[in-house]
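Quick heads-up: structures coming right below.
Here come two complexes built around chain A, the first alongside chain B, the second alongside chain C.
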Partner chain A sequence: MTAANNQASRYDPAFANELYSIENGHYIKQCMQCGLCVVTCPARHLMDLQPRKYFKAIQAGDRDRVLKANTPWLCTSCNLCTVRCPRGIPIIDVMHGMKLYLAQKQGVKSAPGALFSKTFFDVMLKRGRQWEAWLTQMYFLKAGPSAIKDALKMMDVAQPMVLKRRLPLAPAKTIKGKSQLKKIYEKAAALAKEGH
Partner chain B sequence: MTKKQAVYFCTGCGLGEALDIPALVKVAKSEFKIQDVKEHPFLCGPEGVALIKKDIEAGVNTVSIAACSERVCYDVFNFGPSIIVERIPLRERVAWVQEPGDEDTNMMAEDYVRMGLSRAKVTELPEPFLVENPSKTILVVGGGLAGMTAALEAAKAGYDVVLVEKEAQLGGWAGKVYKLPPLVEPFTDLAENNIPALAKAIEDNPRIKVYTGATMESIAGGPGVFNAKIKHGGGTAEEKVGAIVLATGARPYDPKKLTYLGYGKTNVVTHAEVEEMAKNGKLKEVKRVAFIQCAGSRDPEHLPYCSAACCVETLKQAVYLKEFNPDAQVYIFYKDIRATGKYEYFYKAVQQTGAVFIKTEIPGVQVLEDGGKLAVAGKDIILGEDVTIGDLDLVVLANGMQTNAAFGEEVVLEDAEAEAAAAKEEEAAVKLDQIIKSNMLNLVYRQGPEMPALKYGFPDSHFICFPYETRRTGIYAAGVVRATMQVPAAIEDATGAALKAIQCVEAVARGEAVHPRSGDISYPEFNMNRCTQCKRCTEECPFGAINEDEKANPLPERTRCRRCGTCMGACPERIISFKNYSVPMIGGMAKSIEVPEEEEEKPRILIFACENDAIPALDMAGIGRMKYSAWVRVIPLRCLGSLNLVWISDAMSSGIDGVMLLGCRHGEDYQCHFIKGSELAEIRLSKVSETLDRLGLESERCRFHQVSIMDYYRIPKLIEDFVAKIDELGPNPMKGF
Partner chain C sequence: MAYTFYPGCASEATGKASFISFEAVVKALDIDCHGEIPDWNCCGATLVANAIGDFAQQAIAARNLALAEKEGKDILVACSSCYLNLAWTNEKMKTDPDFKSQINEALGAGGLSYNASLQVRHLIDVLVNEIGLDKIRERTIKPLEGLKVACYSGCQTVRALRRPDFDDVEYPVMLDRLVEALGATAVPFPMAARCCGGSQQFTNPELIYDLTGKILDCAAENGADVIVTPCPMCALNTDAFQQKIAKLKNKEYNMPVLFVTQLMGVAFDLKPKDLALQYNIVSPYQKLAKYGVKK
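And now, the complex of A and B:
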């Protein structure tokens, strides 16, 4: 029964239980696979596993698929799925919990999508608001040589955006009271460490 | 009773503007010699009603009201049991569906007045059929959850109950389980098995007489006068009862037929076996378990239907496993989880225990032996790949349930079959009811000893309108014998059936019909002098209300009758009639229609419409101000089953150009309130073509349509199509003879 043993690892309750124990993870258990989240999700066409299948893979304890999926990193927190879920699963919170879990588990560099989120956040914290041109440059530099190739491929998108001032090259103004923003962040980070 | 007639025309609701009322008054005065004819602009208002009441005080006892449909204002125009009220529906069936002020519109209205008054002329006041000392005791057959609930509910409402259980103890299947699924809000926690408490309550209740270890030897008579013989302790007890609740339950589907799902292998068990294990504490060692749902159910090779309870049973047993062993891991292979209603909360709660649900195809899963343990292999259709769950201690098959009414030989009425075979040669035969000798009631009925079934052996009822009813008046099926259902549904069902039984005994005591003609006191009377013992009435009665003696004379059991008139339509000698509904009466209405000469080019079409669905549909077409042909005249029938062919041949010979029948849908999803009425009418219509040929007429002049109340928007189209056909065929050559 080697086949059985191989397959049984897919339905690995230990891995499922590990994910159920992360913040808001227990909600994943009550997904009934209706698919309403998928039909409302604006980013579904970009996800390797759409939310319904992602939850199913977690319930099945399918470690490989869950760890490889870009699903939580593409979640834009638009809240549509959460509003519609008939089982009352706070999907964006679950996705947030998954991001944290994956970043801690895999490291920011290797988790797909984690690096972009981290860079986004760092730029934001530094100036108090987003500076898209800087963000893209930072992201592609951090991501390494292969990513720079990807970046060059996207020049046809970037150029018109610059012309239409959607991607300003000049730095945006820093906000007033930046130091307070930093304090807020530090407080939140401290609370998170305590496990709140 | 000498009739003193009066006719009232209402001119409200646009009737006065649309119709030439003086012309209608003339019809009543000159053709029907009724002098008491009045008009009122608002007849259903207090003044109008007062006007009628004043005349009644002055001696009028037959009131014809030419106004709105008989389906509205029936309470306003109810002047007590001693006054005959005839409604002439000029509003919904003439004024609102025709061009106002038109010559044809007024001819139509005149014909409705003629039909109404000719009916008023011959109708009589019905008198109730009262049986001597009707029993109000309720017999409950089956002492399971549904039976005990029905018995307790009836006793609580103040009725004596006789409860018959075949086992030595009350309880049935639900009595044998470890715990029950959630029964109260929030529907997340299992309920303790309260069946022993229920049994105790029954024993303590002085109104309930319990026979355990007993079966029904025979049940004769009818509602109010059932004579039930109970086989009990080697002897026979007799009880006189008024109504019966049939709650004989269901049994699990035979797992021996489930070898394709591994039954027979060690540790492959059924739900019932898990209950046993739970009670004996044997679930403690069980760690890894797989449930296979729909084991036999929703499978054309086994039980084609959903057994309704197994999903919740599986969820419940998944909770058992966690209760006995918190480390237990449960896998559930399912097609769809049908935890309906508030059981959705229970499903959610069980998901929270960490049970893994695998959507798959069943059959299509395999149960394999895996080195002393078991494995289940199948396809996970959500992840789209094969999956095998191994290392299992136990595989549970959620085998469905089968009604106890489905076990036994099918009844074959010998003479009926021989006759049917003979009948086939000349005409389409009426399909006989499927009756299975399940040994539950052993009725002494001409049509067979048990409840007729429609599908899968479940006792049949009108599913939409009367779910608790069966095709035998006064016998109400409840719980899983009637349909597969979950525990709360069975409790609700039993309560409903108890209420129906109470309504029945009360109606019988007043001499009234039960549904659907609730409160009707008329009943069919047989003029036995002219009976030819043809047995059509005894065979065609949808409710088995007519027994036969050895010479094949019909022996009507009046309290079983639902007053549909199917016997009246069946009788070739026309010896069956009601006081207020008879073959000559409807025939007279048809003949009262004035048929214009051929050269006037005004054809006449007669519609016989069922009162239950077709008439409401016609009225709705009227309320919607839909227009249809002015050639049609509608006669309502209690049920199309009461259609006597003589009406069609009479109408044709008096020059009517076409006859249309509007009845309920029949067949597997029948909608007929009297089960077989519209089907019988269509069969009879197929015979009428012969008669028409004899008259030298085309058989296309008669047409049958199945309509439901929702089809009101189709009515004008149906009528226009038929009118076009009649135009094509040309006028009836019998006109003017």
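And now, the complex of A and C:
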């Protein structure tokens, strides 16, 4: 393959169209590259592609750069870019859509944020409510041996939390309507799939 | 106005002190609050939409709205993330007929429906705009004179509806007014609606060290004795991570972090068990001693 061909195949309009069709993906078309989201984002210094470039890469169909970028996983949901965006793009919603897409495409182990979100959801759906101590254990179990080092680094934070009873080790309450909640979720997930 | 309360999952763990002091303050101010939404479920926080998408998370959040509508009373929320999920879903139910019919189709699978008849209100909104600062001033028995407070509203508290809600989306002032009604001084705090890093403690811990560090620095530089917040996530990061961040940045902080209802409890001279200060990680006793707070 020639260099020119390589360059041509880097940008794939079909990839852009694929992302425009995910949940909240159509908003990406509205981006005019003003960069206000970049000066706004509190996590920008840790992003491979800051939001403006991330949206440009999607619009250009730059598949590899988009799929490798850590951008959505650093979004903290603070909503500041969303209230500031002059084109009215709900950037937080776009990031949610991208995270769901990436987790489905690359698997939940492709990013710590994907695994943590999925674990949070599984615990929540099973019990109806969150139980942080259990969530933490489940997350590190699923993340595997390499994550144990990270877990140990957090012991200085976890210990006082346990001592001050802010991380109860005993099971939290579960709700009565667990099966009702599951039915609502399953129906909603099916409707969301139909709509996109 | 009569309310049912949505406590949120943090009320049972990391934000237990918020829950205990909330109940005591509700009683002290005679707020017409009729217990919890029966069998409420997790709102999804900032994480569930990442795993299942916005629409499905909002359907899960909407189960709470449907259950509350059966009680026929507006919903009072103290946690900022819960407020965002419930208030934003409620706003969409009221303004987007297609969304409403789709959510109701999902709720219908569980035998529920929601007619969007309720308001979802944040605790700060209800305290300032409904109960009123006069009543809060009147109820204050021990004015917190001389106490300098950094009022940390938190990001989701004021941006839930993505437009001005009960306060400014970037420079909120309601929490400052509330704290001043207790006799304390609200110090200038430009980080009042900036992010602490949220729930990324395990997934991107360096983000928490950085952002929460900036919040702590800003409070210290402006001479605050304590930080006050309504948000369990802000409270967790600024309190539980404070010593770790101090060590990493080679700094010293002594910045107790109180839920706003804990501080109100001090000013209202409520019983120690109502203040729930034993849950605080950075000890607040020394700084609150002159207002009669004992261990």
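Points to keep in mind about this one:
Just so we're on the same page, the second predicted complex is superposed on the first by the 155 of 196 C-alpha atoms of A that agree within 3 Å, B and C clash if a C-alpha of one lies under 4 Å from a C-alpha of the other, contacts with A are read in each partner's own complex, and residues count from 1 in each chain.
The rule is short, and it goes like this: contacts are C-beta pairs under 8 Å (C-beta built on N, C-alpha and C of every residue); 3 or more make two chains touch, one makes a residue touch a chain.
The model shown is predicted, which means the values in this text are computed figures rather than measured ones.
Of the two partner chains, chain C is the only one that A:D93 touches; chain B does not reach it.
A simple residue count on chain A separates chain B from chain C, and the partner touching more is C. By the touch criterion stated above, A:H26 is placed in contact with chain B alone, chain C being left untouched. Applying the stated contact rule after C-alpha superposition, one finds that A:R10 touches chain B and leaves chain C untouched.
Chain A meets chain B in the complex at residues 1, 3-5, 7-8, 10-11, 13, 16-17, 20, 26, 29-33, 52-53, 56-57, 59-60, 62, 87. By the touch criterion given at the top, residues 23-24, 42-43, 45-46, 73-74, 76-80, 82-83, 90, 93, 96-97, 99-100, 103, 108, 111-114, 116-118, 120-121, 124, 128-133, 136, 139-140, 150-151, 153-154, 156-157, 160-161, 164-168, 172-173, 175-177, 180-181, 183-189, 191-192, 195 of chain A touch chain C in their complex. Across the complex, chain A is touched by residues 9, 12-14, 16, 39-42, 44-56, 58-60, 62-63, 84, 102-103, 105-112, 155-156, 159-160, 162-163, 169-170, 193-195, 197-207, 210-211, 236, 240-241, 243-244, 278-281 of chain C.
By the touch criterion stated above, chain B contacts chain A in their complex at residues 329, 331, 337, 347-348, 351-352, 354, 356-359, 368, 370-371, 375, 377, 380, 382-383, 386-391.
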